[in-house]
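In the two complexes below, subunit A is the common chain; its partner is subunit B in one and subunit C in the other.
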Partner chain A sequence: MYGRRASQLLKDFSANEPGQISAFDTENFDQVIKECDAHHLELQALMRKIQEEGLDIQTTRNADHYGAVIHHLALIRNKRCLMAYVYNRAEIIQSLRWKVGPVLPEEVQEKASYSEEEYFKNHSAALESYMSEVELDLTVDMVPPKDPYTKVRVLDDIGDVFLSDQSPNLARHSIHFLRRTDAEQFISQGLMEELSS
Partner chain B sequence: MASGSEEGFGFGSGSGDVDVDPSIAMTTDVELLKRAWRNEKAAPEILQFESNLVQRSKEQIQLMEETVEEYDGNGTDPLTVSLYQMDLDRTQFLLRSYLRIRLQKIEKYPTHISKTDTWSRLSEQEQKFAKRCMDDMEKHLTQSVLSRLPYGYQSILKQSISSEEDDMVPEPQLDTFVFCKSKVSLGAYQLDESGEDIVDFVANDLYVLRYKPVKPLIENGQIDIV
Partner chain C sequence: MARYFDIDDIIMEDELISVVYQVGANGVGLLDPGAERNCVEQGAKVELPFWLAHELHMRQAVVVSAPPCFNQKTRKEIQADAAFVDLRSRCPYFYEFGCKVAPLIGDRTIGSFLLYAFTGRYKEVLSKAHSSAFISTPKSTLLTKEETQLYEAARSSMAAFKKWRVGGPRFERASILRKRKPTD
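Now for the complex of A and B:
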């Protein structure tokens, strides 16, 4: 059936947990592209046939015309599916810029296509240039602050760092009381966890 | 300096230790920013950029930062400092979140925004950002899909060359429902063209309505969405 593979691509995509992507399905993707080419060839062949029979291509409504229409619509449907697949993945990838920062986590990088990685970099750069123009870092303060300070446990050896009000040694498993704005960047990178009081 | 920032931020006015007329309290920049933020958060499409308000808020945040630093240095009661700090953090959150929500809307619908009159609602920096979003997405889609499709089907805006209009542009859903509240009684307001659907806005009552018909009221500030 025409268009089945393309819709399968999207079904596989939406079977993921929201906000998660699986590896770019190059095999099926390429197959759908091939299908598109095949539809296009059939379409052109039918158009030629109509012309060769000396009929007006705009007004003819014979079997060949409807055959051509079906190929045209199947092609469009495939295009929409492919676009939706790439577009929705791109949306998830770009949302990661807000969640984890300017570097794609390794497990996402493995699943992303080359073009997707490039898109992430470009988009990330666009956001950064906006933030430097308005002189505000918008990736901190993601949740409304309740208390200016928060208690955190360090999950990885970070070492000595300079923060806005202190320069603690962030050794693994140590517990600190930090400014929320300082702690947030570490939390989003998975280097710290917040201890709810 | 301290009194200046108290006025600007309404510091303590909520707890009642400063006698502030409620009508004045509603027009402090913090309240205005909060309102702009709430409206932006709840509206499905991007609203007019509050450029003066953002500018003022930024200046006041800077002033507050200086105040906090000064207090920190001259040995003022740590509790007072931490209260100022908290107030500062909250205002900063409001401002950041406001700008962030707008960017996220731009990320989602850059092409649609650039094609409609919503384009003029963006700040200059936002317009630049929107352009880059569009270019990056177009490059990505062209590289991954469009350049590999047959001739006639390669447009990013149209499904094929036989489409007369741009029919592949994602746009915000304006028919969605929003919660809204009016500060004053507005009387009867017509929601549809035939005049069958009329709502009577009573002050401070909460309504759940479709966004599109009440859009003009939100734009001119007669009602707020929450």
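Now for the complex of A and C:
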């Protein structure tokens, strides 16, 4: 059936949990593009046939016309599936910049295609240049804070870091009282956890 | 066009629907498994995915008949006990698909049937699942994709409400990383 492989691509995509991506399915993606080429050839052949019979291509409504229409529709459908696949993946990749910071996590990097990595880098660069222009980090304080400070436990050996108001040694299992804006990045990267007071 | 990139919308349009060709079409033998030549004959009865059937219907090339998930048998079952009908296996996008199909087959009863099915099932399955004291997962195998999304939305808002009432940590590790084990 026409368009079957293309919609399978999207079914595989939607089988992931929301916000998660699997490896870019290059094989099926290329196969669908090949299908599009095949539809295009068939479409052209049918249009040529109509013209050779001396009929007006605008008004003819014979079997060749409807064959051509079906190939045209199948092509459009395949295109829509491919576009949706790329678009929805790009949305997720873009959202990662806001969630985990300017470096793509390793496990995502393996799954992203080359263009997706480039997209992430460019989006990140655009965001950073904007943030430096307005002198404000837009990616912090995604949750409105009640208190500017929060108590955290360090989950991994981070070592000495310079934060906005102190430079603590973030050894594993140590507990600190940090500014929320400093802690937020570490928490979303899974290096700290927030302790409820 | 607004839903051009909507994956659920695309997958839903893949649902098969049976049509009768009013015209012949050359070069598309794949569509009719019984065809002898590489074409579809006039009068051929074929199952087409909705995205194709819909467009051909607009060009008056095919006549669409009602898909089996809206037949009398299903309607009777829904009337008997809406909550325990397995709609998922009949059509995972029962409501959306029904809305899209109704104008094509000119059946005015489909709209009210969908509404009846939804109100019945909403009351029986979805709202009960939230008000019950223990966390009982609804029979998710019976729910359509749309109902599952509705259930998830309600569940997450209940969870958010409880979290807000109790308090607690508000920052979380990014969901994309949650599968990684902490390094020892």
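By definition in this document, the second predicted complex is superposed on the first by the 197 of 197 C-alpha atoms of A that agree within 3 Å, B and C clash if a C-alpha of one lies under 4 Å from a C-alpha of the other, contacts with A are read in each partner's own complex, and residues count from 1 in each chain.
What we mean here is this: a contact is a pair of C-beta atoms (placed from the backbone, for glycine too) under 8 Å apart; a residue touches a chain by one contact, two chains touch by 3 or more.
Just so it is clear, the model here is predicted, and its values are computed rather than measured.
Per the definitions stated earlier, placing subunit B and subunit C onto a shared subunit A by superposition produces no clash, and the two fit side by side.
In the superposition on chain A, contact of A:Ala171 is made with neither subunit B nor subunit C. Residue contacts after overlaying the shared chain place A:Tyr87 against subunit B and subunit C alike. Contacts of A:Asp64 after superposition: subunit C is touched, whereas subunit B is not reached. In the superposed pair of complexes, A:Val161 makes contact with neither subunit B nor subunit C. Of the two partner chains, subunit B is the only one that A:Ser115 touches; subunit C does not reach it. When both complexes are overlaid on chain A, the residue A:Gln20 reaches subunit C alone and has no touch with subunit B.
Of the two partner chains, neither subunit B nor subunit C is touched by A:Val103.
Of the two partner chains, subunit C is the only one touched by A:Gln189; subunit B is not.
The superposition-derived angle at subunit A (between subunit B and subunit C) is 90°, Cα centres, a multiple of 10. Superposition on chain A places subunit B within reach of subunit C only down to 5 Å, the least C-alpha distance between them. When the two complexes are laid over each other on chain A, subunit A has residues 80, 83, 87, 180 in contact with both subunit B and subunit C.
If you check the complex, the residues on subunit A that touch subunit B are 33, 36-37, 39-40, 72, 75-76, 79-80, 82-83, 86-87, 90-91, 94, 98, 113, 115-116, 118-119, 122-123, 125-127, 129-130, 133-138, 140-141, 144-145, 147-148, 180-181. On the side of subunit B, the complex with subunit A involves touching residues 58, 82, 85-86, 89-90, 92-93, 95-97, 99-100, 103-104, 107-108, 125-126, 128-129, 132-133, 136-137, 139-141, 143-145, 148-150, 153, 159-160, 162, 168, 170.
Chain contact summary for the complex, subunit A toward subunit C: residues 1-3, 7, 10-11, 13-14, 19-20, 42, 45-46, 49, 61-64, 66-71, 73-74, 77, 80-81, 83-84, 87-88, 96, 99-100, 105, 107-108, 143, 150, 155-156, 180, 183-184, 187-190, 193-196. Against subunit A, in their complex, subunit C makes its touches with residues 4-8, 10-11, 14, 23-28, 30-31, 39, 49, 51-52, 55-56, 59, 61, 167-180, 182-183.
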